[in-house]
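Paired with chain B in one complex and with chain C in the other, chain A is shared by the two complexes that follow.
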Partner chain A sequence: MSTATQTNITNAESKEWWWVAERERSPRLDYLRKAVWKKGAIGGNYAPGIKVNLERAQLFTESWKENEHDPIMLRKAKALAHYLENKTIFITDQAQLVGYVGTLPNTLEWYPEGASIVNEEVYNEQSVIPEPEKESLELIAEINDYWSGQTAIDKLGRVLDPEDIVKFMSGVIGWGSPTSAYGYSGKDYEYILTGKRGFEDILDDIDANIEAVEKETKGMPGPDILPLYDKLLNWEAMQIILDAVIDYANRYARLAKIIAENFETDPKRRKELLQIAETCERIPAQAPRNLQESFQLDLFIQVIARAEAYEGAWPGRPDYYHGPFYDKDVNIDKRLTKDEALDLVGEFMIRAHEVGMFGPRWTREGLQGITGTWVWTLGGVNQDGTDACNDLTVAFLQAARLVRVSNPTFGFRWHPEVKDEVMRECFECLRHGLGYPSMRNDPVLVENTMYWYGHPIEEARTWVHQACMSPCPTTKHGFQPMRMASATANTVKMVEYALSDGYDRVVSMQMGPKTGDPRNFKDFEELFQAWVQQMEWLMKILVRTVNLGRVKDPEFFGRPFLSAISERSVESGLDAVSPEGERGNCWVTFFTWVENADSLAAVKKLVFDEKKYTMDQLMTALEANWEGYEEMRLDFVRNAPKWGNDDDYVDEIMVRCLREVARHGKEIKCPSGNNWPALPENVSGNIHYASLVGALPNGRRLGDALYDGGISPGPGLDKKGPTAVLKSCAKIDHVKDGRAFLLNQRMSPTQLNGDKGYTMWKSYMKSWADLGLDHVQFNMVDDTTLRSAQKDPEKYQELIVRVAGYSAHFVDISRKTQDNIIQRTVVGL
Partner chain B sequence: MTTCSECTSFFPFEDDDSCGDCVQRVVDPRQAYHKARPVDADNDASKCPNFNKK
Partner chain C sequence: MKCIGCGVEASIKEFRYLYNPRIDASVTLRQCAKCQAWLVVDEMKNEATRIMQAGEDPWGKSAGIENVTQAT
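Let's look at the complex of A and B:
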């Protein structure tokens, strides 16, 4: 899209950028974009026509039963191979990239070996049951009966502390399942995606390892050789799955040839189909040679990883790893024109967008509108510190404006050497209302990555967004194979429990430690120390559970494919999820965080400093959910200081809380012995938890939406403008006080129009960078457009907004979340 | 008995013609595509709604 075209766009159109996208994109991208079956749940419910895929459940279980005497990794490799060999595959008209997680384009993948609690949801989710319904339900019931009691989560539940598991799974303090079955994984991209090797090369490495180890197992008896027998079986599992994936790719090659030779009449399309066939005969067996092959390798890796497990995030750095192939094809060999390359880039995004997996209701409500957090990382630096932005960085930012998907989104690694041309492309995406890229401060986050975990600088510089926010290296010892962020805390419970002696009035259960009757607190210090105890308890119970889940995962779940594409596993013969060889990169995700500071500040000011109310009066009002105390409630809303206004009174409390958390984050350790810093962000947990958090001293009532998260001020509570927000946030040390800090900002699309708008935004970004913040993301959609979309959703199907660490189509999120976004302050620069 | 091998949708494997792919054209509400799944050549196809004799 040329700059001239952009400037000719009328103001009316600028509010409805999707029409511009439709006009500007190629017919191929237009077809493929509209061909996608929407898999993200609409306000928690799947769209009509979306069905759960029963082939995997049936084929996987069939093989699982046949191989009951095999150890888990081998058994799983055989079950996956059986599925890949027999599943239905398809090639969409006009597509150049192939591979899908389910079977047909409207299907959601389902993993019956993961969790019985999810299996029951599949059975009861009537809208996703394929026709004929009666037969499908009988099959699901039979599969559920078989797996009942032996899923990964069922097995974990038997070894966890009973009290911990009840509290963890209560749904009020944490958000996650401590298993690979429902999580995500980072990838060792430095091993598999640098164009140096294909799966046949890995098979050669494994053959060599087996040969070497077999010499030892046939040699001198002793304790050293005993672990080798298990490793031999693990390597066999890796061989099985790598061969199966090569065969799976060949199935696409064969189908493409059959279509070309028997069905296709258009010579141009026939040529494309034969190109797909050539690509899939080579990939993933051998290393890629061009952009299409490089994208195809990446896509196969992602698809198979999701055949193996529910992966709800997609850590990736596509401009960095595919950039050299773009350069070769477009600039050096002239094999592709820029427009042809843009088609491939756009399709790669669409292939990611269409992925669907059956998610339990709590994930559908917490991630409204999307399947998972596909936050792809762009920009940043090379391992030597030089600018890593390339022509493909620009192509991705341009393709995003053409395909306008809500998933994947981008997080852009800003650093001082980023060229103006690239910054302008980032800005154009924001101005087009995509809500992405989020802007990340690369120097701060590289330093943070080294500070918390000791990653060497060259490895820290490879970082990608592990999910929404947290940086993680893509290296042999740095990549993280399991979602340790299942230690996700509903942190507002810290202050709620400090004011309830640890008792949860919503679920009527003693959750946290008994820290004393708050009516007897004589000063703020007593309240604060109670808060510290509740904070430590909450972090500990989540981390204990996830740590155990991690070390038991190879025994209860098993990841042969992830292992086979990870250098440390290929080398060691261990499951990739084994903590051995991983440096550690854990964090506790802090949902609903800022309410802690605002609530503590409100009590300090109105109860202990000004003595306007007693603790007894406050507790009585909170226990009544503020009912009958509206005047008092409004006093706590209006006259207590609020975070985000550069007010030291509340900002110092925020920083003090974070320093306590950081201290504790160094006391608790992951299975690799490394730290657990906090990472405040929310996805749409602020809505999910609205009915699970009681009344608070910031004036919030049970059922009210919580703040939108991270370190963002409460919606409408930042009264002093954007600079004051930045100044409050800058009081936090973004290296030492935590892992990363999400900041939502809304800006006026009218004010930021054109070159003048870009100059203003750049000036804002300079302040942001100078103040050392690590993250900021923007919504640039005005209230009028959002309210029009609420009234007439059919006309605004393509309107995208930034929810939290992800974007979503506005019409796909619940009314409560929509209102919450509208309530956010539009800041003027 | 009518078998898959007699159908126009059946494409035998090059190295083993006792099996092959059942390839079908599908046009759903959003997109058109070709799908394939492996079948045995001598599968009973008498009840297959998509059977089309060669």
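Let's look at the complex of A and C:
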């Protein structure tokens, strides 16, 4: 046996998979992986050397000032075109794909037109100010002064209800900003990524639309032609940005040629550079012909979408849309070997990983270690219901183990026809400690997508993860162009306010409705009805804000590029964000959810059923943050049923709560007139809100991390094993009770070793599928490794963990988050 | 309660509460206002038992098959 193989075996046995990956990946992937600057915040702060990009802010603002009389779409398109024409570009050595969000490899993109409060953070975040610092600060101040009062959020703030905005801005009930400046968009991939068209084809369609409409606007006057004038301007904006992106790609083509012809001495690399030039001369102007061109088109789309707005997620289905090109290049034309294709696949992941945008602090704390939730969707079915897994599905899963990025991660759409070979690849990723793919139950989620919004089955089957969890079609009327993270609720406030007459003791203000002094509650029903009122209030206030933000977005922000790559916008001449023509795909993310059921159950049992304590005693203890009441606190923790133990006492409360939410989710409507189901999950909101939520009857104190999310039991509180957890979760109807339900599970890497481990995992997955759950994701890393990483972080830089709807490098997350993950129960199969 | 780091004695409330990731245990982390040490505290006894060091696990091993949490 060679030394290298023996070393690999040793590293594998000690679960140091990052050394195995480093040895097994190609020299190109090794270089590219190591060339990336870490953009995710570490414990909320950016790494040393990371700087904010000032070019976009400066160039965008410059053009914006020059075109002040233009309507917003046109003004935006011109500003973006000016940026793309003049921004610094580079080609990473050994790269085959080009395009970067920002300018230099260590920069974060900044969007001064989005929110003044974020602009202030840029100014005050000393570590990201580029050198020379004094001049940079002067420039930032000048830019901030210009935008003050006229950012998208500033404008929205003037039309929102004042009470709503004060409560929303308190930071305790919601998360995110109600603008597409700081949101994330689905994409009409059926229009733009199926290889049928390039940007020149879209320009031809727009030309034809303009010609047809101009005949009308020059014709008989009447009310019908009045809306057409705005459409003409919108189409003009789309033309400007499409031309600008084609020119931007040509800049890369020229740069690649310059390097090849004047500087590159290696013949192999010279050939690659000329290949880049040829690719960028064609893409995105024309449709792709091969895998490199297909990836390049996708990458340009993502880069330019992020030149336009802070896209906090990356909905994608790369194996489905690029799979035909992989098949053509590797299997049919044999233009690429599998290893060469794997290099492209791995690089595509690395290009996504290197993306960085300046995020406000609440983002950095809620998404520790990453810049956005890039959850790529693999597997699933075709529109006709047949298995969509292909060779590229396998290639992505293999590449993931080689490049070991924490972002993007994968969500795998499992269905009963998935081949064992593919399931084994999924398992190997988990066994290598990546924390992904998350496993999604495709039949359940297709039915769910149809149930809540009425998407036709063929469209529902196209679904991708819009962010970490929620399915979104990729079709003309199905894709959602504006998902604002601000439809995200800190739901533990529902039970907190039910127990405080709507008063928030942490921020000292009346937030929710007055639902009664809890000391006077005579029975559980009174408490539960108070909870229902708080729940309805919380959902309403967030959805009101988001709905208004959505309909005002074309007026306050504008998305010319997103519109230009969306069929319904190219046809209609409307901003893609306009609700007109969209079926609706909204949901309210429910952070910090399970504490509601555990707390209600504890009060019901110990106060109302067993009468061991009075409400007055409980409230006194909660108001004291359990200080001096440790024995009582432990009673509420240990002797009240907890979710995840297949105990009907608390499980029925959970289901009852969810069904009230589902009922209300059908009463509140989105701008398209469709429903707002709930989706329990957390990212790292459980840490972000730890100091914003008071003591609770489940036994937590102010400051303790909340549970890790979705419908996951509290750390250490699931005492009856994994089957009990699944059975609890199965009492929820994963189609009708909500949009989707995140479940974290932690498994033993020792127990799940080798073929035997795979067999055990498959058996677990069968139970999961049979019980109709829609989601599960895994950590497979032991305590010893995690504690060693806390002690010697330098030696564990590449250790990855699944936090919640995303993965992160363990050393990049805060100590509190680390301890929270370590204390998750290790389930035995 | 007495700080093991600097010896200062004060009411337990004067020691800043940090967190407890295992709410079914009485072990918490608090911080001494004087010397900033992270202290492992037994909330039942109101007693600081040691200073928290990187990589330590005052709550014992995680619950589940790789040993149940050890009582402190």
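We adopt the following convention: the second predicted complex is superposed on the first by the 814 of 829 C-alpha atoms of A that agree within 3 Å, B and C clash if a C-alpha of one lies under 4 Å from a C-alpha of the other, contacts with A are read in each partner's own complex, and residues count from 1 in each chain.
Convention: a residue touches a chain if its C-beta (ideal position, glycine included) is under 8 Å from a C-beta of that chain, and two chains touch if they have at least 3 such contacts.
Computed from a predicted structure; not experimentally measured.
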If you stack the two complexes on chain A, which partner ends up touching A:799: first (chain B), second (chain C), both, or neither?
neither
May I ask you to decide whether A:820 touches chain B, chain C, both, or neither, giving the answer as first, second, both or neither?
second
Looking at the overlay, what does A:695 touch: chain B (first), chain C (second), both, or neither?
neither
Based on the superposed arrangement, let me know which partner A:574 touches: chain B (first), chain C (second), both, or neither?
neither
Comparison of chain B and chain C by chain A residues contacted
C
On the A-aligned overlay, A:89 touches which partner chain: chain B = first, chain C = second, or both, or neither?
first
Figure out whether A:79 sits in contact with chain B (first) or chain C (second), or with both, or with neither.
neither
For A:705 in the superposed arrangement: first (chain B), second (chain C), both or neither?
second
Residues on chain A engaged by chain C in the complex (per definition of touch)
625, 627, 630-631, 634, 637-638, 690, 698-705, 714-719, 746, 748, 750-751, 782-783, 787-788, 790-792, 816, 819-820, 822-828
Counting only contacts in the complex, chain A reaches chain B at residues 31, 34-37, 49, 85-93, 104-106, 251, 254-255, 258-259, 262-263
Within their complex, chain B touches chain A through residues 11, 21, 23, 25-26, 28-38
Considering the complex alone, what residue numbers of chain C touch chain A?
12-13, 17-26, 28, 43-44, 53-57, 59, 61-66, 69
